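Quick one: structure below, then a few questions.
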Amino acid sequence: MSVLRLAMVGGGPGAFIGPVHRMAAELDGRIRLVAGAFSRDPDKSAAAAQAWGVRGYADWSEMIAAEAGREDGAQAVAVVTPNHLHLAVSRVALQAGLHVISDKPATRTLAEARELAAAVAASGRLYGLTYTYTGYPMVREAREIVRRGDLGSVRKVVVEYAQGWLSRPREREGAKQAEWRTDPALAGAGCIGDIGVHAFNLAEFVSGRRVERLCADVGTVVPGRRLDDDCNVLLRFGGGARGVLIASQISAGARNGLKLQVYGESGGLTWSHERPSELTIDRLEGPSQTLHAASVYLSGPAQAASRIPTGHPEGFIEAFANLYRDFADAIAEGRADAHPVPDIEEGVRSMAFVETAVAASRDESGWVALDGRIA
Amino acid sequence: MSVLRLAMVGGGPGAFIGPVHRMAAELDGRIRLVAGAFSRDPDKSAAAAQAWGVRGYADWSEMIAAEAGREDGAQAVAVVTPNHLHLAVSRVALQAGLHVISDKPATRTLAEARELAAAVAASGRLYGLTYTYTGYPMVREAREIVRRGDLGSVRKVVVEYAQGWLSRPREREGAKQAEWRTDPALAGAGCIGDIGVHAFNLAEFVSGRRVERLCADVGTVVPGRRLDDDCNVLLRFGGGARGVLIASQISAGARNGLKLQVYGESGGLTWSHERPSELTIDRLEGPSQTLHAASVYLSGPAQAASRIPTGHPEGFIEAFANLYRDFADAIAEGRADAHPVPDIEEGVRSMAFVETAVAASRDESGWVALDGRIA
Amino acid sequence: MSVLRLAMVGGGPGAFIGPVHRMAAELDGRIRLVAGAFSRDPDKSAAAAQAWGVRGYADWSEMIAAEAGREDGAQAVAVVTPNHLHLAVSRVALQAGLHVISDKPATRTLAEARELAAAVAASGRLYGLTYTYTGYPMVREAREIVRRGDLGSVRKVVVEYAQGWLSRPREREGAKQAEWRTDPALAGAGCIGDIGVHAFNLAEFVSGRRVERLCADVGTVVPGRRLDDDCNVLLRFGGGARGVLIASQISAGARNGLKLQVYGESGGLTWSHERPSELTIDRLEGPSQTLHAASVYLSGPAQAASRIPTGHPEGFIEAFANLYRDFADAIAEGRADAHPVPDIEEGVRSMAFVETAVAASRDESGWVALDGRIA
Amino acid sequence: MSVLRLAMVGGGPGAFIGPVHRMAAELDGRIRLVAGAFSRDPDKSAAAAQAWGVRGYADWSEMIAAEAGREDGAQAVAVVTPNHLHLAVSRVALQAGLHVISDKPATRTLAEARELAAAVAASGRLYGLTYTYTGYPMVREAREIVRRGDLGSVRKVVVEYAQGWLSRPREREGAKQAEWRTDPALAGAGCIGDIGVHAFNLAEFVSGRRVERLCADVGTVVPGRRLDDDCNVLLRFGGGARGVLIASQISAGARNGLKLQVYGESGGLTWSHERPSELTIDRLEGPSQTLHAASVYLSGPAQAASRIPTGHPEGFIEAFANLYRDFADAIAEGRADAHPVPDIEEGVRSMAFVETAVAASRDESGWVALDGRIA
């Protein structure tokens, strides 16, 4: 199988997620980074490119044009910029015939997400969205368990994503990550767009149910902050299941605590990012079970997502790498449907969630419908 | 210190909570059960009385009259009947000059709770409400930590109480506990009245903040059930803190999973009934801490709630016993304020929570105010 | 069923285990404390007796004689003194026709234990030894699992009992509990006799295998201490299983960490006193299981050891109470074999373990045989 | 900083640890695999080489000669063969002027390890030994805590490494990994050489103390197996600390459970591979602490071993990668002492442990001295 050549936009010095994308992309030897427009600052971009031994560019549109024109040029672009550039970069790359794999959220707004969906459709190229948590083996196992009906029909979903790092006004203390993530022009939404979308996507991914209505309390706790930093949402899924989604960046002391519980008629499952290689099943009758990643008794999709034997923990980078590997496989096979990489439809749904919840909370509308159609 | 003589109403054969009350009351040698109207069935009541070596009565009002008239008669009555009798029994006992300690909820309805509050005030007797979880040492430590300001001002409270035992229609399968707890005439409310009130009370007890507004989704999941079995509530506390309360009896596989998280400006605490002797503090800066019951470094109220050295687990009965011991102490000292036994005010607030949430959910009212005034 | 009348020797003010015995004995309403020689100090004994509403005595032999002679006198004696009195008190009580339930270890020395075994045999009375941990429901479940062969033949047993409270020379800092437990004349052995015997008994109780050989490292870590405070022992069980026993009172920071692992051919079980209501089974094939106390799927002996529904934690006092309840049942039925209370044979075996290990370690004998015969 | 060019010996199709070495080596972009003699089978080696885009060789000695002679040739060799080739490959590579990084154990026998030590010394090249667990951030933090004296003087060390995968005779069921690891000619020792050395090294690495004496029970549980599969060892460290080492491959149900406890005068620490990003400190006084990887409050060495923010788990591959990164740094700087990669001295000590324990157990020698001198 040939190696997929990747270019990156964003991810230069000081970035958090850029290096993760690079490590994840290359981990399995299926993808090689060959080029990057890592920073708007030409010197910084060149320095990063040199450090990683790839072609550096000062401007991302120039890079896309150049790479698309080379025989040994990048075949796909990883978009790891702040949100406001996601649409533009992705569209240009798609139009140049390159595949796109993008950090979440898909775009800054719902309207942009729908524009991007149209661009994806027109391009005939693949678009992947790195909802990292769907790359964990035990998240994939959880989905299989629900899909097989092992828990009976889904009745309740509780998902909580607690971070504490924005408990202080770090955007005014010189923290770059905090600056753009709390800036309406760059990020679009705050906590709900940054991590709420992970929780939303995870809940839908595992439960196999789609949110149809919601009732939201999206607020700003830290004085002076320009975007939301705490959100709590009541959910109603197709089929009638109830749900609760909690996402917060002011849960002081929390690190990166994403936890999902799905309850069916005869049992419930719990997955927590604090112990990502475990999945717990509690049943109405019989002992609780803990499933361990890389075990022979797991489903095919879960087994395929582990590299090393059970008891040898794989983490965030490996989960990310699973998305990249699936993305490369999908490209190689020319079809996305066999691989669980979230696509632009997930992107549109997430942005619909964000905008619906923010508006409903602001207006105290109570229950409102979620329209997650692509167009 | 003399031993307090206790009579019990309810708690006969097949009851869950009656035996717990008896064990808890007598654990510390401060209280002795001397009489009981354990069942409406005279034979059953007599049998229970004989087994426990106490005076048995066929009728609770007769018992109260008789005991109040004996020099060695009961000084207090434990009310452990289904909810619909709480008001009547408590009122008669108070009027007879006896103290009352009652299982939760205080009454079947809010109106009844306010009637009872008036009866308590008129009687000059003590009224205690067994919100069991407030009896745990680490719950009391949690309250002290918040009260001392160790976490800064409270910003967010998440409380979840998950049970799964009503996932099936057990009220139609001959389960006595399920029958009365899902019967509007006997219970008043369903899940929210049975365990939602525990969660509500715990959240207020530890946070020291009072719920002022709420937005509720209270529903019935099991077809044919006559009362709610799942509730999810967004909360707003005095001082502005946000909150989420989840209580469910259809969380299949859950046993009795009560968990509280309180986040302040500089840290958060977590207490879970699955590990009741621990309290975890996560901080914005510095390592996480786990505090263990019966440790010398705990606050006075927490230390006073343990009987045996750290590392020797105490559980539900001991937590319950702490409420009884505090109740006995309050009677002995003639003052309730030094002891943390929940009183009728907590009872009224809880019933206000129940009725407000049920009505708001039924009417899809969105955010509504909680009026928890006693009268 | 009539109530068993109990007298206590020891357990006065400042004692740790005396109050536990009283609470445990009375918890289920099957036993009532009626008399006590709580302290050698007549005033202290009288004060304790008054506080608990029982007959107080200044001298234990006088008490035994008096109670044995009363129609309403004690039928059994609880021995909760320091070890050096265990033999004398137990023997006198047995000879007076009273049953005996004793705190561990059975006696101060192996020779004494064998003397006591003879006294028990001669008396025709019941003798129970409170190896508390055998009273936990999940320990009993563990034994049933092994007994049923669910794990295949036992291959390895690891038991660790870590305490840290003697990390400092507390016997020279005025701590009464430390004083007698580190005094050769009162305690006989140190750590190995105080908690090593619990670990030893637990390993044999659950594995159903008896230790036949051992290789021991029993030492004193804290300078100036007169007895051992740390012991590590390699074990060989009948049937060939290997084992490791670790017991320490200088494991600084450890509270009361008793943990048992038993491995068979096809799986292993883990029980830890830190989460006493859980039992974990890991299998060669298939998910791990966690069994929860008071669940309907447990074995009869495990179910019988819980009082309240699953998810409502019971702890140390309740485990202790299970031993007392079984002891009362055995007396009522006139036979001990249906009830799992450890008896004098366990007492002799434990003392054989203590003396064999201490001697072998002192002499650096390497592997030595354990002769646990009663006589 | 320039990229280090690496060649690999072993690690072809079916290997477990070879792919881990490759992923780990390349993770941080500091090292690039350029060549490999992946298999004795020329076709297999060529296939692996092609898949990874590197130069393939049929014979490792040929590869070393060729690479050493190229200007763009490998600068270091990763040795990931079965144990019996470690000495030969390492020596030839060193003599060719290449650095060596080897999987553990260093060699098949102690005598070989001492030969290798001489070869390392003579070569002037760097030799690194991948004791993976020393690469975990929280293991490095643990070492710093002990080194700083935060726990006082070390008194006790307990290390347990439990695997269950050899509970059945898998070497006779066609499992390649089991075949060579239970073959005396290829592996040298069994469980003690395969995972006992990890436990031994970890105990010394964190405690900063060296084992001076031991008393061992090393045995074979599965009938017909040719090497040991279970070992239990009592330890005595320099400075007097006691220890216990347990390593087993017949702990049925265990996955890869390595756990270390180090107790000092005033507290103890626990690290478990099941939750590798946490380190727990229990203290004689004050609450327990849990330290989390990638936190700002950690020591320098621990912080340097994380790539991504706290709460984002890194696992086995990343721990391995830390060793590779440190190895590359040491080469770049021309000095090993600033970097915590285990070296040949650790290799010799571990082999001394293996041979001393196996012999002492076989002969039932009781306590024996450990001579871990290099020559």
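The letters A, B, C and D name the chains in turn, as written, and every chain counts its residues from 1.
Basically, a contact is a pair of C-beta atoms (placed from the backbone, for glycine too) under 8 Å apart; a residue touches a chain by one contact, two chains touch by 3 or more.
Fair warning: this is a prediction, and the values are worked out from it, not measured in the lab.
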**Request:** Weigh A-D against A-B on C-beta contact pairs and write down the one with more.
**Result:** A-B
**Request:** Determine, using the mean of C-alpha atoms as each chain's centre, which chain is farthest from chain B.
**Result:** D
**Complete:** Rounded to the nearest Å, the gap between Cα centres of chain B and chain D is 54
**Fill in**
Distance in whole angstrom between the CA centres of chain A and chain D is 35
**Asked** For chain A and chain B, what's the span in angstrom between their mean Cα positions?
**Response** 42
**Request:** Specify, in ascending order, the residues of chain A that touch 2 or more different other chains.
**Result:** 254-255, 281, 288, 292
**Message:** Under the stated contact criterion, what part of chain B meets chain D in this complex?
**Reply:** 281, 285-292, 295-297
**Prompt:** Within the complex, which stretch of chain B touches chain C?
**Reply:** 1, 3, 16, 19-20, 22-23, 26-29, 51-53, 163, 254-257, 273, 275-276, 292, 307-318
**Item:** Residue numbers on chain B that touch chain A, as the complex places them
**Value:** 151-152, 155-156, 158, 160, 162, 164, 167-168, 215, 217, 219, 221, 230, 232, 234, 236, 242-244, 246, 248, 250-255, 261, 263-268, 281-284, 288, 364-367
